[in-house]
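What follows is a set of structures for review.
Both complexes shown next keep chain A, but they swap its partner, so chain B is in the first and chain C is in the second.
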Partner chain A sequence: MTDQILTTTGDHPDGTPPEGLVLPAGAGRLTPATEPVLSVRDLHVSFASEAGTVRAVRGVSFDLLPARTLGIVGESGSGKSVTSLSIMGLLDQNARVEGSIRLKGTELLGKTELEMSKHRGNDMAMVFQDPLSALTPVFSIGDQLAEALDLHQDLTRKQVRDRSVELLDLVGIPNPAERLKSFPHQFSGGMRQRVMIAIAIANDPDVIIADEPTTALDVTIQAQVLEVLKKAQRETGAAVVMITHDLGVVAGVADDVLVMYAGRPVEQAPVDELFARPAMPYTMGLLGAVPRPDRGENRRLVPIQGNPPSLVDLPVGCPFADRCPLVEDRCRTAEPPLAPVPGRVDQRAACVRVDEIVAEGLTFEDVYPVGEAAESGLDGVPREEREVVLEVTDLKKHFPLTKGGFLRRRAGTVKAVDGVTFDVRAGETLALVGESGSGKTTTLLEIMRLQAPQGGTVAVLGKNLAELARPERAALRRELQIVFQDPQSSMDPRLPVYDILAEPLKVHGWSRARTNERISELMRLVGLNPDHVDRFPTQFSGGQRQRIAIARALAVGPRLVVLDEPVSALDVSIQAGVINLLEDLQAQLGVAFLFVAHDLSVIRHISSRTAVMYLGQVVEQGDTEAVFTAPRHPYTQALLSAVPLPDPQLERQRRRVVLQGDLPSPAQEIVGCRFASRCPVRAALPADRRTLCDTVQPGLATGAVPGTDHGAACHYPLTSSAAEDVRVPSRA
Partner chain B sequence: MVRFLVRRLANYVVLLFVAVSFTYFVASYFMDPRSNYLSRHPIPPKASIDLSLTAANINDEDPLLGRYWRWLTNIVLHWNWGLSPDQDPVGAAVSGRIGASLQLVTLATILSIVVGVAIGVFTAIRQYRWQDRVLGGLATFFLVIPTAVLALFVVLGAIWINKGLGFRLFYVTGLHSYEGSQFGPWLLDFLQHLVLPTIVLTIISAVTYHLTQRTYLLDTMNADYVRTARAKGLPLNKAIRKHALRTSLIPTAVNVAFSIASVFTGAVITESVFAINGLGRYFVTTIQQNDINGAVCIAAFAGACTLAGALLADVVVAWLDPRVRLS
Partner chain C sequence: MADPELSVTTAQMGKDLAHDVGSTGEQVRRTGRLALYTRRFLRRPSAVAGVVVLALLVLFALFGDSLTRWGYDEPDFLSLASPPSGEHLFGTTQGGSDVFALVVRGLGRSLMIGILSSLAITLVAAVVGTAVAFFEGWVEKVGMWILDMLLVIPSFLLIAMIVRSSSGTSGWLWLTLGITAFGWVGYARVLRTLTLSLRELDYVHAARFMGVRSFTIIWRHLIPNLGSVLIIQTVLGVVTAVNSETALSFLGLGIKAPDTSLGTILQMGQGVVQTSPWVLLAPAVALILLTLSVQLIGDGLRDAIDPHSRSGGKA
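Coming up: the complex of A and B.
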């Protein structure tokens, strides 16, 4: 009943066009319309650590006007979260905070914990990143909401209850009165984040700080939560500080953007200006490095070379100098201040060459050298003629759910993977995409096990796993390798890189001399210095560690590499380099990739074929371009429309299919189509045609589009004209 | 809830039966009451040894299963736990000592939990400040010092105080010496006896609760939900007390519940130093004297305590933590 199509345009909350209403600090603007609710001046935060003083924030200033949204963007370690925590006064006691933070004219710095607690939750509130751990597990939702209300208002029990119901209703929690008694573990991640927003707006705050509020959520849930946040802002008239690393989210919600790098704001501008005409090379690099879900794969990403500097030992001069393609000698003498960009209203950048950049109208294509993609030997070979490297047919993996202490009884079945069929051919990348719980990782692990699956068949290089003898299975291991999401935990921290890379070679009986030669070759292949093989994994940065993991997977020359979210733990500027590397490796070596990811932008960029999974089944499969431009399954369509685009103008124009509700529990018995409970197409159907969806499970029907193997598991697949309406808009 | 408890209880009764029967067989196999008589001078005639052993149902020449069956039917039908080699009823001896142990350990257990958890919370909130360091050092000291040494120091201190005062404020042996029937003087006398062993028992178990509770609270007080509570407007200390403490009490509650059995039977050294006839000393004695029935009876009691503790732990955890569902 709760399912319906919610199409929204990306209008700004109050319907006004986003003009630069947020005053840049110190910029002598004329009389502002309103007083700023929050005004930060020259904020410095440092921590004492064993390595020395960590200067996490160095001179942040901004003004925030009522009902406006300021996006703070930056990569990990840029100081954006520390900035928000210092505004709330929630930093550890060993933090030194200097400067000025004024909330409605009241200076917050220097207040005691008790005085600060009168402001927190009352006139300023915060929404945190991880909704799973942000609510106390042992108190009911109602108690936690009531606590927020009781701390700042003098209400009767009945008033508290009524207000709580009203708040939960506002953030879109069904049956709010009954849900008050529920505990956090009975809610999904998206629902918990809604509760967090309800708590944050309980006392009508003037400022809401949202610190990566959707980073831990799936993309369709992210779209829901961002809607709720906008609605909450509309209801309370609060100003929002949105902290995120996701340029798409910023483009969708922010009026103004502050880009941070190494603890400093390096550029500040209204959102349209910033995305259209960035003036600081770092901002340009960020925008160039992010893959676009609305563009085809042919554009090569532009990684920013190197890594951010250590905050303990900052270089003299511009902290970005070492990674900047426009670097000059004067960049290394003094750190440039955040100064107004000549000829632009409200835009400020910290770069000594900003005059040139503006005068010559430089864009990131001019600034960053776009590398050449490696040529692939398989480029001319049509897909049908390529060798099938992996063939998965009707794969099933069910887990029993048991109950009871001594005598375990079967209480149900989790159908983690339930009839998955796909194939991967030589030199291509198949992306498995889906939200958490869709069965992507289980599918990978079933393949990697190299054993007969519970149901269906898996054939690697034409050999059916069910019929393999032991020695054959051992030999097949060499052809199939894996790269995990977190390179930190997938490598033994006590082994030097040499041993990490030598291990697979040793297992497969390589001689010492050949091993040495191979390791140098591998290090060069993934763009690392071969002399660094005696270092330990912790001495490398995240991106370099992932390169080592890729080198390890490639060591024995596999035909197929399985990549489980290989770039999702990396920052955007680093991620671009790894994606480029993967593309080059595939072209050079002809290796096939089975790529699991939740980030549709990365998938569109890297993969040639895409399979969309929902609740253990593939609901749509085909060439990536076809799936992205003409989705046929309503779930694919919703997924695509939920991806935020790093382009504020497109974000505002686009219509979104916001799915209602959450993924059903995988233990639930579903007779008909698994997507039926959330399907906007089914909801719009007359009752007699819905019966089909509710009773018959649709198969993956291919051949609907002549000449392709593009298929969708839907009784009423979208025609291309219906898909046109909401699909990712394109500026081309 | 009631259904859950009944089902658990039924499970535990079966478990206890199996464990106690197993103990009976093991004890019968390893313990040799006949040797009690063979070491006497002069050695009594075999017929009279057999007679007394058979009377106590511990004669190793009778078939084991027959002895086991007699032992079991006696318990089930008459609640008779058998005789010691000296022909004393084991049940009466154990129940009397349960009473003594109960008097000795109840107050100490409650005190040690309250004091230990309180200090644990106090020091966790003040992590690495001087209070934490001093109390932590003290806890380590009491953790390593042998109970006997600690008990003797307490006794010495009490005697010194008694001497200084000129009258006997603290008694250092037994639990009672008043023989009248008035409640007031009886209680006073009881407390005078109880203070010293209670101090010893409280200290030795409070330090473990202190150290574990400190760790548990440190784990939870940096949790995201404590930060959320602060963001709502609770000051730091209140946020910790309200949101972190309850979750951190869950493992402590389990520890407490499972320690019930060892509290009863584990106070051997304290009982010895203060000459109290508790279960701990009796347990040791039964083993020394090859008292099969006595040892098994105590094992049964300890087993029952453990399972009662487990049941209690289930209930308390379910009450503290809504994620645990009793169904």
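Coming up: the complex of A and C.
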């Protein structure tokens, strides 16, 4: 069936390479095209598990043309990573793979390990998610590059060295010749991912598979790495399979997109088409559930109801039927095949109602009902009149850095938090944003300890922590609660939900009867069935577990809840529901949130105020709208411009401020502005004005914009017109 | 000192704790943890064999004395050092004691001492090990210092001295106490290392931030989550304890007449191995069966509880 590869194309009178995917013989005009480098047909993968056979991938087919990028998008468990691993032949022993994978016409399935290793690293290469564990720590970067080269090519020592230097230079590693001798731990995460890319392209592969290559990285580093990947693709002419859950990344890099759900492709289209006119309700939901960093209006997010089905016993019919607002009886009888969407070029969708959707031009707004947000009692009260719930002034936390084994001596100081000042008022959400290593989490833990800080003051509800007696401190625990990032590890797996929720109540001496009542009230409050309290945390899905964690935090009626990346471990479709819940709870209970996140789109959506942190200091603070629309600090501006937008057209238009280099080590002694080493504004200044940046540390100056408390710690803050230039573009 | 069987790495622990990543939905068909472990355990024939052998040995120790009309402490002076016969199934010793009755009694004693001291060792080691790790700071420093000091004490000698000063009948209790008192130190250190990764988990932080008292956290959150390690350790600890009891008794420093244990009988038998080998043979076989079966069960348990083992079956 795949002997004759044909392609459907749009109008290309000038004979340029066709836009879009090569499809197996189907509708549309048929013209012979460039041979695909990789062609996957009807791939099925299943695993053995204690619960039964997990059918992880069920019928994936695609063709990949040279120099093009296919984005595979899906939530966790959708089978996207398994697809990539089965192409590379890296699956576990207990997996069964069926179908066909052809690399330049050679069938890969059924090859032995030895035959596969001739392909791996040579004509196809992989970039893994976690650059920390993908490199061997005991060999230098040069050795590892040389290994990749020697395995597949016959080169002299000098050739290997020259090629290695060339590769490192290509991926943008400064001083490549010297860095060859460095070991992986001497590189930062972003740099290691560059090295991974260098190794992947070492033998000029035809296919590069990138499995969530930037998920473990910060946004500014992500922007750099995606640039490098594009450059590597240009240099080698390789086709790229980009696997990601981030719709923004897909919009930026992919030419074609394959959306996967429950192990099956449910929609396949060129990137513009997919983002502009999705035809499958799941894709629509996915696009609608993402908060947008470029939109200020407080549109309520629309979660997709329910959870993905278990891959062990899949329901009969469409796997999305239980969550689909357009579900009909015929959806539950048979699983719809991935069929061409009538009237659209190169777009295919697996939905029985696709005709209607296209004919009536249904969009996300028509399909998904938008809910009503709860009214807040504090809405009319201006910020100045609200009670201060948390006041942090000049908070410092330094860790000693010791050297030597037996006699420890102090080798330096890590200034994890160095002079952080902010306040949170009743019923508002303050977001702390920053990349990893900026001191967000240390700040939180310092507050949560409720002990006198190393430097500065922390006051909760007007009570200074340094002056608290023991019983007062214990009582104050009731006012301050925390929700952690990972709902897997934040609840004891061996306790049923009832005991988990009862724990804070027990600490504060609630009677058994009141506890009982409160727990069923809490379960209802976070939208869970109170009858499920006897279940264990593992019996709930990630989103439900995070709801339980929120219920636990709210159990004793706190005035302030600290949320440490509460939605970053959740899938987009689930995340929206939790964000809505947090908004409603805040409105109903008047509780204040201190929200730590690295995802700027979530922050823009949920928070009323934002504080941007860099290397242990707050560099910009103010109303969220002001910070996002008119950033005054160059770091904030760079951060905003690095966020990928889930809109391919805007992605192409926007101008990026790509920061040079990495975050300096917090142990480094920096005189002057901490951002100076990476600052694009300073770089453009004449030498005499730079001295100020290098010698004097700027304070957080407020009042530059009259009538607001928007402030930035910068000697040469951006004016709003300069900020206009590169800020997140938006469609008028 | 650290038991090599306890080489559950911290990474594995973490995965074991944050297990089951792909669980979905409420309506999911769930296999209970216990059912799962049982199923994985039963997939190993050697582990099942271990259970059967151990069960037979326990039954033998409990009810074996009804199979012979001789008591372990009533010698048959008419048949001294006689080989196995219908009257004396395993023969008799130089003094005319029935070896069958001796082995029944000795096996019971050895099992009793092994199981009791292993349980006690696990309990003490779990409480001390987790507490030392949990409190951090100076508690950890002082605690570790004390543990290190305890490790260099010549325990064998001390146990011998304690048991020596006791009477014949309560000797086995003192022996149990002695084995426990000096056996927990190494385990406590292993458990402390495991707790180091456990104490950084969010639910422990969460409990702290809620204001839960420290000992409640240790008892409710830390020790139960070391559960799998503790179970394996207790089972394999039985072997260690039986071995040290046998060794002590063999040297005449443990169980003394009129009481008996496997070690005491072995000691009796080694002198007459040329003339009446059956005295040595019967307790030796019992000892080998006991330690082998417990070891097999321990291995099976470890594989059943460890999510990375090969007990997962085939697709």
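In this section, the second predicted complex is superposed on the first by the 701 of 732 C-alpha atoms of A that agree within 3 Å, B and C clash if a C-alpha of one lies under 4 Å from a C-alpha of the other, contacts with A are read in each partner's own complex, and residues count from 1 in each chain.
The rule we apply is simple: contacts are C-beta pairs under 8 Å (C-beta built on N, C-alpha and C of every residue); 3 or more make two chains touch, one makes a residue touch a chain.
Just so it is clear, the structure is predicted and the values come from calculations on it, not from any experiment.
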Comparing chain B and chain C in the superposed model, the one touching more of chain A is C
After lining up the shared chain so the two structures overlap, which partner does A:V138 touch, if you call chain B first and chain C second: first, second, both or neither? first
Taking the superposition on A as described, I'd like to know which of chain B and chain C A:A51 touches: first, second, both or neither. second
Once the shared chain is lined up, is A:P309 touching chain B (first), chain C (second), both, or neither of them? second
Name the contact category of A:M196: first (chain B only), second (chain C only), both, or neither. first
Touching partner for A:G121 - first (chain B), second (chain C), both, neither: first
For A:P504, using the defined touch cut-off, is the partner it touches chain B, chain C, both, or neither? Pick first, second, both or neither. second
With touch defined as at the start, can you tell me which chain A residues reach chain C in the complex? 46-51, 53-54, 76-77, 94-96, 306-313, 448, 474, 477-478, 480-482, 484-486, 488-495, 503-504, 507-508, 529, 532, 535, 538-541, 544, 552
What does chain C use to touch chain A in their complex? 17-26, 28-31, 36, 39-40, 201-203, 205-207, 209-213, 220-221, 224-225, 227, 312-315
Show which residues of chain B lie in contact with chain A when the two form their complex. 11, 223-225, 227-236, 243, 246-247, 320-323
Which chain A residues qualify as touching chain B in the complex? 88, 90, 113-114, 117-122, 125-126, 128, 130, 133-140, 147-148, 151-152, 183, 185, 196, 199-200, 405-406
